[in-house]
Structures are given as C-alpha cells and as structure tokens.
Amino acid sequence: MKDRIAPLVKEVQRNAEIVALEGELRSLYDEVADLLDHDEVERFPSYFIEDCIYQVVSRENYAEGLPQATIYCDGVNMVRDRVTALRETQVYVPRIWRHFISGVRITAIDDGEIHARGNFLLTEAMSDADPTVFLVGQYIDVLVRVGGSLKFRQRLAVFDNHHVRRSLIVPV
Amino acid sequence: MKDRIAPLVKEVQRNAEIVALEGELRSLYDEVADLLDHDEVERFPSYFIEDCIYQVVSRENYAEGLPQATIYCDGVNMVRDRVTALRETQVYVPRIWRHFISGVRITAIDDGEIHARGNFLLTEAMSDADPTVFLVGQYIDVLVRVGGSLKFRQRLAVFDNHHVRRSLIVPV
Amino acid sequence: MKDRIAPLVKEVQRNAEIVALEGELRSLYDEVADLLDHDEVERFPSYFIEDCIYQVVSRENYAEGLPQATIYCDGVNMVRDRVTALRETQVYVPRIWRHFISGVRITAIDDGEIHARGNFLLTEAMSDADPTVFLVGQYIDVLVRVGGSLKFRQRLAVFDNHHVRRSLIVPV
C-alpha cells in the first residue's frame, strides 16, 4: 500500500507562465469532469501516469492519515480495473452526475511536479428524482508533464460528506 | 417546428487562439447568467441571431429527440415575445435566481460555427425561504460570430431535473 | 457608521488589458475563498485597505439601504478584531466550509477603482452530517491596486438567504 504524497503549499509567483499553466489546469479539470459527466469513463485512465495514486477518500480519514479510502487505486492498472468492473460487473440504476468545479489553484511547483487543488460539487439525479448535492470536497493533486500533456501522478478526491449516500459507482 | 442542431464533438487543438476563444465564451456565459440574475431579461434576445433556437428542455426529451420543451423559442421573435409576456402578462411571486456555471468548453469548430457546452446550477430563493438548488443541467450551444460579437444560433438548456418545481418563469 | 459605496455598472470594453485584469480578479477571489475554506482566517485582513468596508448583509437590507448587517466591519481593524474574536472567544462546533464562485466580472473602472461582482455558494458540513447549501449570494466589491496587489476597499457579501441557519462564525 503506497503512501499518499503530501501536498505542498509554497509561495507561487503569479507571472505569465503560471497564469497560462493555471489556465491549462482549469481546462484539464473541466475536461476530466466532462468525460465523467458524459459517461465516457473509458478515457479516464489515460489522464494518469503508470505509477499513480487515485483515491476518493473522506476528509476525516485523509486528515488522520488513515489509509482507508472509498475508492482506492494504486497504479493505473487499478484505475483500468475499476473501469472494467464498472462496465462489466456492476449493476446500478442509471443516474446523471454533474460536476461543478471552482477555485483550481497551483499551490507549489517542486522538482517538475505541480501541486494543485480545486473544489468540486457533484449533483446526482436519479431518473425519477430531482438533482441533489451528492458529494462536496476538494481535489488534492500532483501533476507531471508527460510529452505535451499534464497527467496525474496523484489525484485525491477528499470529500466533506459524513457518509456517502448510495454507493460510489464511477470515479469522482 | 425546427429541428435541434445536433451538437458536434471533435478533437479541438488547444492552441493560443482556442484558449482565447474559450475565455471569451466563458465571459459571455457569465454575462448572460448575470443579466438573468439581475432581472435584466430585456437584454436577453440581443444575444441571439434572428434565425435561432432557444429551448429549456428535459434531459429525457432531449435524449429521445422528442420536440417537447418547457420553454420553446424558434427564432428571436419568440424569444422577444417571451420577454414581453414575462413583463406584461405573467404574475408571479418575486424570487431571486443565481447561476453557477462550470466547465465551459468548445467541443468543435465547424464551418464558422462554434459548438460548446457548460454546466449550470441555478439556485432560487423565495422572499421567505432559503435558496435551494432549483435546476441543474447543461447548456448545449452553437455560436456564430456576428460583427465583433458571439451570438447564439442555438442555446439548449438541458436540465437533469425529473420535474421542475414551480413554473419556469424567466429563461435559464 | 460609514455608508456603503454604491456599485457602478458601466460599459467595459473587453480588450486584452481587461481580460488580464479579470483573470487576476478571479484568481484573487479564489485565493480568498481558499484561505477561508482552509481556516487560515488570520490572512484575511491583509486583503483589505486600512479604510475599508466589509459586510455580510442580507439581500433585503442591502436593497432597502438599511445599515444592519450580519457581519459589519468598518475599517481593517474591525476585520482584525473579528479574527481575534473568532480565535480567542468564540466557541463553536467544528465544521467544513467550501466556496464555489462563479461569474466574477468587472462592472466598471472608475478613477482607479475597480467595481466587480461574482456569485458565491457556500456548503457547510458538520462533522456528523453531509454538506448542505449554507449561504448563496453575490460579492459586490470595490478594489484598488496597492503596490502590486489588488486590495478590497469594499467587500459586501450580499446573501439571498431568508435567514442564516446557525450563526455566521467566519467571514464569507
């Protein structure tokens, strides 16, 4: 079991390069949210490097450093397995998820790694009910540039919810 | 009855021009949301071309290709009529609407038309009650440049709600 | 008791300079939201000029021009007092707040002062409950540039809520 990478927060000088990079990050966050909203989860693993960490974890467990996570993936193969399970073995009532993302910010750049965070609010609508606020929390991420693209070395979706109503089926 | 324009999704290369255009789109989406939030609906029709489609439609009807829409405007004159009706004939309890928009993205540029989408969450507060999540969904838009400005050739506000509590009074 | 500064709304030409300034404002709004979400309220007063106005006020009182405000600070020293009170005298159950900000826009630039506004939605999660929509409203701000940084000459957080559940403990 791999340890979570501790997020860094350093003074980041807002120059033209950082402004452009933050714009690129926002666009990436929206792109990933959009593919999840549109049930194109097959594309999700391509946003991670091979040796990645992806977790959906409660604020409490995260703050206490407890390893338990609601969704736990250590390496991109576990992310891929998750997608396969979702498509082939899990049975669930159709629903619509919608992401709202705010406050995407770079908190540090360290040795080629970009530490960033941003708030998420997910609504969920069952086919016979109105959308409700399903999950609220913060992405705590570490990204690296591979080729021309930014990829997640770590994505933690740390949720403020006390419990998660219904099971978490797709990634957040 | 005009058919909805099918939205296009193509690979869009994120170069400097696209980044600037997406910034312009975000700003436009915020501007339209702002005028609706501030009850300046008279300005709403000016964001559409003459031969436009504006609809507020349920996800279900949209997905099935059913023509029924909660608000249905075929051409800018129907958009103008809607505003007139709102001001002169409709009677309703005052309320405050507030738009939250996330994930505005260009999905294709085709023959001078920009296909774009973005998520919306509307809160509504009656004068004697706290704001609640009123409507959640996605704008699915086609824009063209007229003179210096981007105008809607099609704006669909496709909502995830199973039903719409209270009547939809103003455009979304 | 100082009067609120009336917000200005003028035609703002969207040139490169305004686009960059609006980007800077969005980043500032996110930065302030982020420090409040992370309970780093000690840093909050540094975003205001000495002779500032900071208020959290109901839409009703704001619209009627009534001076009553839920949080009322006239001058940065009252903002600092607020932080001290929060840390040293107030007793409250721990909770997590999360800001979602949308539609940050410059409405006028007048005599070196930037008039701007943006929507906020705050969720609150008690340690034994799921996040709920706690406060929804609009920032109505006047900013000035001091040294290299933008500072608030006035920040009003005008909320749509009919009443505020539980006491407002930290700034919005």
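Letters A, B and C mark the chains as written, and numbering starts fresh at 1 in each.
The definition used in the following text is that a residue touches a chain if its C-beta (ideal position, glycine included) is under 8 Å from a C-beta of that chain, and two chains touch if they have at least 3 such contacts.
Given the structure is predicted, the values throughout are model-derived calculations rather than measurements.
A.B. asks: Rounded to the nearest 5 degrees, what is the angle of the rotation relating the C-alpha atoms of subunit B to those of subunit C?
C.D. replies: 120
A.B. asks: Mind checking subunit A against subunit C and telling me if their interface is mostly the same residue numbers on each side, over half, or mostly different?
C.D. replies: The interface of subunit A with subunit C is built from mostly unshared positions.
A.B. asks: Averaging only over C-alpha atoms, locate the centres of subunit A and subunit C and give their separation in whole Å.
C.D. replies: Taking the mean C-alpha position of each chain, the two centres sit 28 Å apart.
A.B. asks: Among the residues of subunit C, pick out those that touch two or more other chains and give their numbers.
C.D. replies: In subunit C, residues 23, 100, 102, 121, 133 touch at least two other chains, as defined above.
A.B. asks: For subunit A, which residues are in contact with subunit B within the complex?
C.D. replies: Residues in contact with subunit B: 23-24, 27, 30-31, 33-34, 37, 96, 98-102, 121, 123, 125-133.
A.B. asks: Once bound in the complex, which stretches of subunit C touch subunit B?
C.D. replies: 14, 19, 22-23, 59-60, 100, 102-105, 117, 119, 121, 133, 136-138, 160-163, 165
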